[in-house]
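Take a look at the structures listed below.
Below are two complexes that have subunit A in common, paired first with subunit B and then with subunit C.
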Partner chain A sequence: MAREAAARMRVPSRLGRRGWLLAFVLFAAALAWLQLGLSVRDAVPGDSGRGVLSLFVGGAFAPALTYESDVPEGTAPLLVKVALAVVRTVVFAAAGMSLSLVVGLLLGFLGATSWWADDGECTCNAWWRKVRCYAMPAIYGGVRVVIALMRSVHELLWAVLFLAAFGLNSFSAVVAIAIPYGGTLAKVFSEMLDECPRDSARSLRAIGADSVQVFAWGLLPRAMPDMSAYAFYRFECAIRSSAVLGFFGYPTIGYYLKLSAENLHYREVWTYLYALCALVLLFELWSSQLRRRIVIR
Partner chain B sequence: MTRRAVFEFRRVSVRYGAHVAVDDVSFSIGAGEAVAFVGPSGAGKTSVLRLCNRTVRPTSGEVLASGEDLGRMSAAKLREFRSRTGFMPQDLGLVPNLRVSQNVFAGRLGRRGLLASLRPLFFARRAELERVLVILDRLGIGDKLFQRVDALSGGERQRVALARALYQEAQALLADEPLSALDPARSRETIAMLVEVASEHGWTLVLSMHDIELAKQFVPRLIGLRAGRVLFDRATKDVSDEELRDLYELEGLEHGA
Partner chain C sequence: MSARLDELRRAQPKSRFMRASLWALAALTAYAWLSGTVEVGELFTERRLTNLRRFLTVDVVPQPARDGVWVWSDIFAWVRDVLDARGWAATLATLSISVVAIVLAGAMSWLLAPLAASNLATRRPFDADPGQERATWRALRFVVRGVMIVSRAVPEYVVAFLLLAVLGPDNAWPAILALAIHNGGILGRLGAETIENLEPGPLRSLSAIGAPRRAILATGVFPLALGRYLLFFFYRFETCVREATVLGMLGVVSLGYWIQDARAKQYYDEMLLFVALGALIVLVADLVSALARRHVRGAS
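Entry: the complex of A and B
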């Protein structure tokens, strides 16, 4: 009797699949470190490096408010330049984001299955059934592949490509942001749409709503809070991407940051970095307020 | 009685794998009738209700709606039929983060084209809002017009679902356990309202209930289901206490019939 009870209480597996997975992850991490020959000594800078490091760290406590070297007559003050760079960074991000939202919503819709899922009822029209069984899954599969391709190339690599194709104009930067962002939004949107509860969708279908109506009334509103929260997060990422795109010469924060760094003006570098941080924090404040309104009312 | 049957089941069975949810069930429900399916959990009440608007399809037998075989209906015909048949699933199927007004507007989706159906989601016309308000006032929740549904109590949500069916201008209403989320006082109020509204509009009302006392009190015809079979089907006043005891007796279930 006691033995039987003990048998029933035995935990199915102690190490189990999860344990093996954990062991594998640790093993892989150790292998990577060994392979790269990483050691703590690498974290200690050399003599020249130490000088740069102290300059850089020092700059953090004294960001520049004016130019660190002489500038030609008529140059706008540093802080004005920083402010303009911040604005341009946001503008690039917003342009890229608006395009990627359109792409993401459209492909997210086509890449979701929940709106064409047949809830146990199948129509008798043979033509429509063919569409259901072949065309829709084909569109779905195609869209998933396209989404994956869009995501698999980073925006900086797209930028390199478009820079070569279109030259250094705003359009190339915006498209470079919009493609991978559109793909990521589409992937996450479609998954949010597929994971949101289906009860409202089913009940609408049961009173005669068609697939697209079910999507618009029963699925989209339910996924909306999550989707908008994620879109806000991606906008924040887009701001960072837009800043880094400046390294290729677009007039965002990254451009000026790179110039200042090349001139060893580390205090100016910190001014730009702080401006970027302030921007992201400000954005976070705004988006969290909006989120609270959407999600909790 | 020469009333035409709105729902007619002919030897209908539903099997989910090896499990038989509905077992050779036949009955017919006339226009304007109010019927409650009663029985213990797992008796097949929900399946029977869902068979009525083809959200569940029979494994064998046929379900007729106003004389037409639901299984053979074209997509367009089915949609038209569903747009005239109100449906309150047990979870109500409201959209929690939309307003009451928007949830009620959704009642007419079945009769609208895509663009026409999207408009009221964002830009409701005054006349439409007035119509909804009249309905909500009738149900005593007029002040909730612009509230989000997830801010409402269980009883209020029940009314929103009923308002949706009213706005739908349904001719029949299928309500699955409409009292399951309510306390006893609210249950009484709600079933009274359901039956009253149904008779006001000449609806055919098909309910599933597990509260036999309330069913006896408010619904004129009871169909007893147990293990997927019809145990009795008669006017409420003719249902004997013995039949009701049999319906809920546990023993028969354990050993099978």
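Entry: the complex of A and C
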């Protein structure tokens, strides 16, 4: 008996499913390496590159506190400029994030199924049953497509599109951040709403609550801690995005960093880099403190 | 009833830190919109709207349809020409850059994660008697975590920009290394958290029968952590494809290079085509990553 049972046991293949996946990834990487014509030697800087590298590395130990070259009379001191750039970076990120939160909550609500398509008999009238069977799935499908499209274009590409369409305008930069971030928030929010425990939602439904009440009192409070933790993590990402938007002419950290690098003022570059790092780390610290307090496991 | 509700509400745990944070966030948002840095009204001035009208009615209209006659066969021929000349090669390059980058990032995180996990990088991992912790282990974890934090704090775009000055624009290394460094830091942290959250039972038994650290790592930690780690790995691959597209705008030949090129020449119809192509490969990467993650979930 025991021998029969042992014989019936599936012998795992040498590699297993994950092993095959890993092998496939490595194979794809080898193909990509050949396709790009990479060689390790090219990853080592050449003569001119080494000069830049030594300047750059030297700057790390002596970030600039004043301008490296002469500036016109009346220019604000470097550190004031850095502080202003930091503030503007946060401002763009906060504005973009608040806009994307509105979009994300709205689309996340419409893109979740748990508040209208729950299992169990519907006790409501025929009209609502029709809405639930035909209209809601259509809205849901449409919203999922919109979310995917919003997410599929990178915030910098939205920014470039808006630059071409409107010219340089700060509000369009905020919208450029808000579109893909709103899509991402909507996607993650809807998944969190659909995956959170349904017990309280079911009890509410059983005592006759309608779909919106089920959503507001049964689902949202359960998903809220995870949702706010994720939103805060995205805020951190928004700060990085906002800094990079400076490369396209918006007055955030990236703008000044690029200018300094183009003038080979690598000590100033490091000042901006340190400011950016400090900013991101500050928000990361804040968000980890918040997450520790709100995510109940 | 309502008295009971009030009682419950009062009994809710409240944290001063949380409340202060909420107020700070609200104040930050209000300042962001009211400080005048974000000029909402300026977007709807006459000049901007004229710009927009020209962009929508002339600039993004495909080249062959500029005279107002939409002959679809001509437009398809134009699209095919652009894609054959630059689009497909750039798409392939974008995907290749992200694949090489994510594999390098994975390698980096496999080196870093075990050194940052507090249950593994200690004197006697998974021992019944962990003993006094030595300062050297704590210092090692601190340094590794610091490296990971800094490498993910700086955006890929900035790293690639700086690497371009050092390595030159002749090959894809600046983009690859920038993506690998940033994602290596992220995957390293996620990997360390995965290791720390592992069920300690099997690992304790390995330790109890006298397995040395590297044996615990190879036969216990890696196989147990691989499933969750692969989920993160493919999730980061998705973002790598998005970023690889954009990094081209700095001068590396990926889709972004041609987006920047078309932008500089003010060929906005072509630019839109490349942006759409970029969106398409992001959607494809999303799909591949979702399939791979389902495959991983099925295995574990």
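Everything below uses one rule, namely that the second predicted complex is superposed on the first by the 279 of 297 C-alpha atoms of A that agree within 3 Å, B and C clash if a C-alpha of one lies under 4 Å from a C-alpha of the other, contacts with A are read in each partner's own complex, and residues count from 1 in each chain.
The criterion applied here is as follows: a contact is a pair of C-beta atoms (placed from the backbone, for glycine too) under 8 Å apart; a residue touches a chain by one contact, two chains touch by 3 or more.
Keep in mind it's a predicted model, so treat the numbers as computed, not measured.
Asks: Overlaying the two complexes on subunit A, which is it for subunit B and subunit C: clash or fit?
Replies: Pair status: clash.
Asks: Looking at A:S241 after the superposition, I want to know if it touches subunit B, subunit C, both of them or none. Which is it: first, second, both, neither?
Replies: Once the two structures are laid over each other on A, A:S241 reaches subunit C alone.
Asks: Should A:H154 be classified as contacting the first partner (subunit B), the second (subunit C), both, or neither?
Replies: In the superposition, A:H154 contacts subunit C only.
Asks: Name the contact category of A:P221: first (subunit B only), second (subunit C only), both, or neither.
Replies: So A:P221 only meets subunit B here.
Asks: Tell me the contact category for A:L106 with respect to subunit B and subunit C: first, second, both or neither.
Replies: After superposition on chain A, A:L106 lies in contact with neither partner.
Asks: For A:N169, decide between first (touching subunit B), second (touching subunit C), both and neither.
Replies: Second partner only, subunit C.
Asks: Have a look at where A:A209 lands relative to subunit B and subunit C in the superposition and call it first, second, both or neither.
Replies: Touch status of A:A209: first partner only.
Asks: Just checking: does A:A229 make contact with subunit B only, subunit C only, both, or neither of them? Give me first, second, both or neither.
Replies: neither
Asks: Once the two complexes are aligned on chain A, which partner has more residues of subunit A within touching range, subunit B or subunit C?
Replies: Touching more residues of subunit A than the other partner does is C.
Asks: Given the complex with subunit B, which residues does subunit A contribute to the contact?
Replies: Result: residues 119-121, 123-125, 128, 199-200, 202-210, 212-213, 216-218, 221-222, 224-225, 297 of subunit A touch subunit B.
Asks: Looking at the complex, which residues from subunit B come into contact with subunit A?
Replies: Those in contact with subunit A are residues 53-57, 72-75, 78-87, 89, 91-98, 102, 106-107, 109-112, 114, 117-118, 121, 148, 151, 164, 168, 170.
Asks: Applying the document's contact rule, which stretches of subunit C touch subunit A when the two form their complex?
Replies: Residues 15, 17-18, 21, 28-29, 31-33, 35, 37-40, 42-43, 47-48, 51-52, 55-56, 59, 92-93, 95-97, 99-100, 103, 149-150, 153-155, 157-158, 161-162, 165-168, 170-173, 176-177, 226-227, 230, 242-243, 245-246, 249, 259, 263, 268, 271-272, 275, 278-280, 282-283, 286, 292, 295-296, 298-300 of subunit C touch subunit A in their complex.
Asks: Can you tell me which positions in subunit A touch subunit C when the two form their complex?
Replies: So the residues of subunit A in touch with subunit C come to 16-18, 21-22, 25-26, 28-29, 31-33, 35-38, 42-43, 45-46, 48-49, 52-53, 56, 88, 90-92, 94-95, 97-98, 148-149, 151-154, 156-157, 160-161, 164-167, 169-172, 174, 240-241, 243-244, 247, 251, 254, 257-258, 261, 269, 273, 276-277, 280-281, 284, 286, 289-290, 293-294.
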